[in-house]
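Each of the next two complexes has chain A plus one other chain: chain B in the first, chain C in the second.
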Partner chain A sequence: MNDFVIETKQLTKVYGEQTAVNSVNLHVKKGRIYGLLGRNGAGKTTIMKMILGLTSITSGEVDVFGKNIKGREKRVYPRIGAIIETPGFYPNLTGTENLEIFAKLRGTAAPHAVENALKVVGLPYKGKKLFSKYSLGMKQRLGIANAILHDPELLILDEPTNGLDPIGIAEVRDFIKNLSVERGKTILISSHILSEISLLADDIGIIDHGVLLEESSMSELEKKNRKYILLQVSDIPKASLILERQFHLKDYSVQDDHTLRLYDTALDMGEINKALVTQNITVISSQLCNDTLEDYFKKITGGEGIA
Partner chain B sequence: MKKLLWAERQKIRRSNIVWIAVFATVMVAVIVFLGGQEVYEGSRNIDNAGWYMTMAQPWATIFVLPAVIALLGSYMICREEQEDTIKSLRLIPVNEASLTAAKMIVTFVFSILLYLLLFAITFLVEAFLHFSDLSVEMVLGFLKAYFLDGFGIFLAISPIIAFVSRMKKGYWLALLFAEIYSFAGLFMSMSNFTKALYPITAVFTISGYYDASTNQVILSCISLLLCCYLSAFILKGREKSK
Partner chain C sequence: MLRLIQIECLKLRRRKFVWLMLLSALLMPFFALLYFKYVKETGGDPLQFYRWSAFGYTLFFILPVVLGTLCTMLMYEENQHDMLKQLWIVPISKMGYFFSKFFVVLIYSICFMLITAVASVMFSVLPGYVAFEWESVLYLLKKCLEIGVITSFAMLPILAIAASQKGYILPVSLTLVYAFLGFILMTVNMYIHPLPSMAVIVMRNGDIPGHVFAQSINIPFAFLCICVWGIVAVLLANIALGRRK
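Now for the complex of A and B:
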């Protein structure tokens, strides 16, 4: 039994000739926020729809709460809250009336569930405004309120901050973070905004053209993107030995046959160069580098950056 | 099912289509009333007891009510896809067959209520004009006829609601199809056999608007039951195609 709330195995979706999602292996851990990052049309929504059973799976498997989802696995739905694309509500009803319908159909027993959900997202309870008169931001907030109405263990949020103003984005971000930190909810969130994911997610999956290019924890990713000294030498094993023994260095990584990354940027490079040259190791180059998350995204997607 | 029926009732609050249907019912009553001003053998038609309640039935049924009831029914089903609420309902999860059944039940109730509204208008006008000429038996007879009209018209148009819901091309098509379908009843009423067979006019055979033999009533019942079966078949196919 693993502790993945969501696990996909070779998940694939093909629309006619076009492969929207290609052999994706996604791992969402319990109690963590997983950010699915990719450009518009990268396949984020399709993955979420397949996890929720809203679209059929061409091939591969999806496990949610350890249960294999085949088609629409209705038993797991009460444990999930979701917002996919633009949330749909009845335009002739108010926000409260809309949520009351969904609460009743869900059989939400908690008293004041609607009132609490609206309060969390900052919408008025028993407000007179009809959904048809809502701004995009208000619609999005109501969608989030509907997703959390029944206090689910897992939240699947597809671009939840779409249409929100900067203050609204910050509020929603804090609220999502709180759900994870204080209430132990597992959250799968998608976005095409890199800064949003970097501020929110514990784990990150980078998707491009339907392919999951990278999946790692945010701390690992930050490690990859922090300041470092790029050292190119002729003999890596010998150089590593010198760095460890002579300079007591442990925080470094081997990139390839000739390249090392030293994460302690306070090192005296003059001394290091001298020690290496003395041991007949050729120092090809040494330079201070600082990759941003965007640089990393560009690098692995092999294209342009992201917002 | 109780929850679904409650939800469906909530969903049509402030809905323009409901007001369109009520307005259409009132308008048909007004038009028939104006038609009743015509003088025949020295008196206005409207002054004859029972004339208004009798004539409002075919006018409403051939020209107006089937179309608005079909519009309402298909709107209730199609809106879930068009307003993208079906996604949220599927995640609850809601049984879609039960959801459709709840919508059909609400449409059925609505059909009866519209005919009863028409009955109420025509009765009140007749009572105002010549209360003393109306007998309890006559009024109850008309009440029964209107109730059966509402009941039967829902069955007659249910295949159109089901068909339009399956087509997913917009619920306004239901209005068009039902209008053509009900208007054709005018021609079907010209023969005793076709008027008992054709679903729209079969309603009149059952409600008592036509003087009909037992065989004609049976034929009309079969015709309406076939409509009911056909709509169930189409809706079942719709669920399967999902």
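Now for the complex of A and C:
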């Protein structure tokens, strides 16, 4: 028995001739925050929809709480709270009235469930403002309140900070972190904002064009982002020769006509500079660098960065 | 199911148009009042008054159009505001959802016809156009209840179409076509459209004056017609709601 709350096996979704999700193997561990990172249209929402039974699975399997999900699994879904895309509510009702409806639908027994959920997201209980008058941020907060209303074990949050202001984003981030750390909730969160995921997630899955390119813990990923010395010189072939012969350096890469990356950061840069200058090579600059997650994302997706 | 129906009623809060539509239940009793005031003599047959106030246009046009509009309103917001996925996650069964809407339509339909019945009695007895008789009042109430219940079943196809559409234009337009078609088919074949079939069941004894049927009355056929359309509607709704995620 594994300790995965969500496990997908070769999960695939095809719309007509377009493959939205391609053989994704996702592993969300109990009590951890799993960040699904990818650009818009990468397939994050489709994966979440398949997990929640909101769209059919073309091929592959989804296990949630160890149970194979084949259709709409009624025993499993009450244990999940979710926001998928923009949360919709009844516009003619207030936030409290909307949540009371969902509490009734779920048969939520806790007497102050609605009040507590609204308090957590910073919305007023028994407020008179109708949902149709809510700002985007308030709508998003109400969506989160609805997701946590019944105190679920698993939260599936599709871009929950969409539309929130910077302070709101920080509040939601802290709140999500607390849910995981203090209450042991398992959280699957998607975002196209790298910084959000890097600040929140314990584990990360990078998805691009429906393919899960990388799945690892945040700490492992940070280890992978290597430190290096960025060396800019006037003559790359000559400098390479000196580095290989004099310093027995093999772990380096040529970036462009004037730039080298030396991955052995223990090297004595003073000695290297001296050796290069002696051989009439101009050293334009040398500095110790560290790849950011964004660089890493660019590298593995083979494309542009992410916000 | 009772919980779902209660929740459906809660959703109607602040939807003034739903309640304003109930005022249309007074329309035909009011026209009957005018008709009797200016055309007919007083002390007449109560059935003549009720024929105008409850068994005429209310039965064939007003109630079906009002119910069709209600069906559209009940489905519109959840479809328009992309709420179904939130409901499916709860989870709510598709058919539980559909039938909870239907029961709201049924309750509304009964209330509508009860208002029509009460207004018919008031508008006929208070001005003295007909004498108050328990027998005729009870007859009116019975027929109004029958109309209320059966018409809601006859409107199942419109509810199913409203469930399958994101907008409201098509269901509302189809409601009008559906009601008019029912009226036209009444003179051609009463057992191929649920509304004429409903009229056949309500007027089965031939005791409502002024209504002449084109065919012989066949109650099983009338029920069969409503059942077939109802079953097709439920199947359509099941498929449509399955796709609306």
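Just so it is clear, the second predicted complex is superposed on the first by the 244 of 307 C-alpha atoms of A that agree within 3 Å, B and C clash if a C-alpha of one lies under 4 Å from a C-alpha of the other, contacts with A are read in each partner's own complex, and residues count from 1 in each chain.
The definition used in the following text is that a residue touches a chain if its C-beta (ideal position, glycine included) is under 8 Å from a C-beta of that chain, and two chains touch if they have at least 3 such contacts.
Keep in mind it's a predicted model, so treat the numbers as computed, not measured.
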{"item": "Fit or clash between chain C and chain B when superposed on chain A", "value": "clash"}
{"item": "Partner chain in contact with A:F4 - chain B first, chain C second, else both or neither", "value": "neither"}
{"item": "Partner chain(s) touched by A:N92 [first = chain B, second = chain C, both, neither]", "value": "both"}
{"item": "First (chain B), second (chain C), both or neither touched by A:F297", "value": "neither"}
{"item": "Chain B versus chain C as contact partner of A:T55, first or second or both or neither", "value": "second"}
{"item": "First, second, both or neither for A:K104, with chain B first and chain C second", "value": "both"}
{"item": "Touching partner for A:I80 - first (chain B), second (chain C), both, neither", "value": "both"}
{"item": "Residues of chain A contacting chain B in one complex and chain C in the other", "value": "52-54, 72, 74, 77-78, 80, 82, 84-93, 97, 100-102, 104-107, 130, 146"}
{"item": "Touching residues (chain side chain B, partner chain A) in the complex", "value": "3-4, 6-7, 10-16, 79, 83-94"}
{"item": "Chain A residues touching chain B - in the complex, by the definition given at the top", "value": "52-54, 72, 74, 77-78, 80, 82, 84-93, 97, 100-102, 104-107, 130, 146"}
{"item": "For the chain A and chain C complex, residues of the former touching the latter", "value": "49, 52-55, 72, 74, 77-78, 80, 82, 84-93, 97, 100-102, 104-107, 130, 146"}
{"item": "Parts of chain C lying in touch with chain A, wherever the complex brings them together", "value": "3-4, 6-7, 10-11, 13-15, 77-78, 81-83, 85-92, 245"}
